[in-house]
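In what comes next, chain A is part of two complexes: it sits with chain B in the first one and with chain C in the second one.
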Partner chain A sequence: MNAPALQFDGVEKSYPYFKLANVSFELATGQIMGFIGPNGAGKSTTIRILMGMVLPDRGAVRVLGHSMPQEQALAKWDIGFMSEEMRLYGYATLGWHMDFVAAIYPTWDARYAATLLKRFDLRREQKMKSMSHGQHMKSILLLVLARRPRLLVLDEPMTGLDPVARHEVLSELMSAVTDETRSILFSSHHTQDVEQISDQITFIDRGRIIESSDKESFLDRWRRLQLELPTGLQLPVLPGIVDVKSAGGRLAAVTTNAFTPALASAYQEAGACVREIQHMSLEEIFVAEVMGSRKEIVA
Partner chain B sequence: MHSSSELLISQADGRPMYLQLMDQIRRRIAAGDWPPGHELPSIRALAADVEVSVITVKRAYLELEREGVIVTRQGKGSFVASGVDLGTELRRRELDEHLTAAAQLALALGLSSEELEARLREIRDELAAKERS
Partner chain C sequence: MNRSVFWCIVRRDLRFSGILIAASLILGAVGFAFGGHGKIGSFVSTILLITGGLAPGIFVCSIFIWGERKEKSRLFALSLPISPTRYALAKGLAALLAYVVPWTVLAATAIVGYTLLSVPSGSAPLFATMWLFLLDVFCLFLCITLVSDSDGLFTAGIVFVNTSIAPFFFVMQNIPSIGSHVADATASWGPAAFTTMGVEVVVALVTFTFTAYRISRMRDLV
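And then the complex of A and B:
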């Protein structure tokens, strides 16, 4: 087994109104990790620590085998970083930026850059200030991808892109990992994109990692059970139930994050009829998870 | 690099993506587009082509292997199993799934087996009549 592409171990960082608490997770080489969480959950802080831009109070971070932030200069040769806040020089052309990056990074792949220009429908001669938001984002991504970095760290790369541009970007990210030595960590509010291309999902809320596991087993554990209860039957209390929706009538919808066939049998045995067992999209899971943990706080 | 398997994932389809993939691969085999012994795209190539995660394709292949629809040879790749008339078998399995769903509904409605059979016969006759006209 290869060394992980990145590793967080017990990382903490306190700010006056926010604390990143005991953040631990790792991304295996060759995989794509979707990093999700509500606004202000700590995604960007985590990514800044990962990139050596913020010093953690405690804990260890290793990226591509290098200790961060001590060895960040070495690590960064092989990391392609992009955030939605980045801006290129408005008065320079995309071609100028391409030549600039090519002059710094020996791994620059001019042929791949030319292919990306075509696929992203961009022009070398165009000045950045005359580009749309989507073109600007795609330009940054082109500059990052054409270096062929071993690790891509993308903070909200899909924000503000139209459906066609998003499709182009997703498709390029997938092609980037056909080579098993490359890995991607990307944060996004677009749960559909995350669900589609991630091998692993890491979920952060209020500075804590709630979940970090492979996507298939993560999605598999969450189900919604549609139940029909005989009149007068109280819904039995079973473990692993995150949410119960019932209008007090005979129908109830139960959400679980620990589904096993035994759960359905337990409801049957208690006298309820299981009408349907539904899979949930990452979007639904996201909302259920965050709403669930907020309820706990209020209670 | 783009092998263009023409498989497609729909976000409007409520089922998990690995099930959608399995379904389409089965259909491709049942239709004879992918005959026994046909080599399936590599996991990473198919993932890039369909734009779904590697782990999703891996899971679809693993489940298909468990069903005996495909075989994976270490280091060589995955191939359509050389089963006897996989097409018919797959269609029969599909029929069973639909019949199971129908039987479940009949149970919920409190229909007897005879009533369900009678209804099925009626529907068959209607279809046959339509075909004749």
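And then the complex of A and C:
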């Protein structure tokens, strides 16, 4: 098995109105992790701890074999970081930024940078302050990708982009991940973007990791069963049921995170008619996970 | 490797500060040219020298340190292979150089004028105390922009910069051993001037030490 590209172990960070609690997960080399959470869930704080910009109160973080934040200057030679909040220097041109980054990174690929410049329809001589948000994000992605980092850390890179820019950015990311030694951590609250490129999914909500697993496992395990119930039938309590919604007493939608054919059989044996077994999208799984986790906390 | 990123950041800031450094030198030079041309000339000279001796430094801190934080371009800088502490030190060094170089050139010009060009040097103690005071004001403002996230403190810093010079000038002019010899042909360096300058040097050193200490203890830079 490949050594992890990054590891979080029991990381905690407290602010007056927010706490990141016992965050533990890892990303294997060559894998792409979708890091999904609602607004304010703790995605950006986690990523800033990963980048050494914020110091955790407790826990350990290792990135590309380096202990963070102590060895961040070494680790960051191989990390490409992009954030929706990040801005380049407004009074400088994109060309100046390209030269600046090229002067720092010996891995800078000038030919690839020129290709990206054309592909993204950007101009070297244009000042950053005159660029739209989409152009700004594409410029940052150019600077990140052309240095050929081993680990890409993308914090909400699609936020605020129009559909065309989203497509361009996503396409470039997908071509960038053909390199099997490159790992990507991709945070978003838009599950559709993440679903397209991720191997692994980690859900975070209110500063806690709810679940971290490979994408196929999520999609395989989660199902919604549409049931028709005879009058007066009480559904049996079965393991892995996350949510039961009844509509008018005769119909029920059962959501499970541990689907097996035996589950449908168990409902049928109890007298229910299983009308449909539906696959769930990552977005539906995400919402169900978050709502389930919040119910547990309240309980 | 880390060292090169440090100097890349310093060079970058100095390059973009070039116009402010030039502005400082031009304002100072014009200020010197107006000196000795009667009361109005001296007034204009003082205004230009104070402006040239402080304003560009304040702009450097506001644009390249505070402005970068507000515009989130600090996130970009911190994604580079450098630790937050060394990044903050690089920013501090660049701002200091951008300020101290023209400040020193203008101070040296004044010394040359007083000593070699037979310019009446009665105003030298007032100039020296004022010039060091400007350095103190810059150091305090640099400290605020480097170690604080507070908009309120930044605003207070701007207010302090704008309101502190006139009272200081007033106080210095009303110290007899300094203010009453301004028009003399030769400087009279009394204990008041040396004490004031000594205090100003200590304030600058303490501010630097405090700033470096706070930078080394900073936990979160974004």
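Going forward, the second predicted complex is superposed on the first by the 293 of 299 C-alpha atoms of A that agree within 3 Å, B and C clash if a C-alpha of one lies under 4 Å from a C-alpha of the other, contacts with A are read in each partner's own complex, and residues count from 1 in each chain.
Here is the rule we use: a residue touches a chain if its C-beta (ideal position, glycine included) is under 8 Å from a C-beta of that chain, and two chains touch if they have at least 3 such contacts.
What you see is a predicted model, and the numbers here were worked out from it, not measured in a lab.
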{"item": "Contacts of A:89 with chain B and chain C, given as first, second, both or neither", "value": "second"}
{"item": "Which of chain B and chain C A:215 touches, first, second, both or neither", "value": "first"}
{"item": "First, second, both or neither for A:140, with chain B first and chain C second", "value": "second"}
{"item": "First (chain B), second (chain C), both or neither touched by A:112", "value": "neither"}
{"item": "Partner chain in contact with A:73 - chain B first, chain C second, else both or neither", "value": "second"}
{"item": "Touched partner set for A:81, first chain B, second chain C, both or neither", "value": "second"}
{"item": "Touching both chain C and chain B, counted on chain A across the two superposed complexes", "value": "none"}
{"item": "Chain C - residues contacting chain A, complex", "value": "1-2, 4-5, 8, 12, 16, 68, 71-73, 75-76, 78-84, 86, 219-222"}
{"item": "Of chain B, residues touching chain A in the complex", "value": "1, 9, 11, 14-18, 44-45, 47-48, 51-56, 59, 108"}
{"item": "Touching residues on chain A, where the partner in the complex is chain B", "value": "30-32, 167, 170-171, 174-175, 177-178, 180, 192, 195-200, 214-216, 219-220, 273, 275, 278-279"}
{"item": "Chain C contact footprint on chain A (complex, rising order)", "value": "48, 51-55, 69, 72-77, 79-83, 85-92, 100, 103-104, 140"}
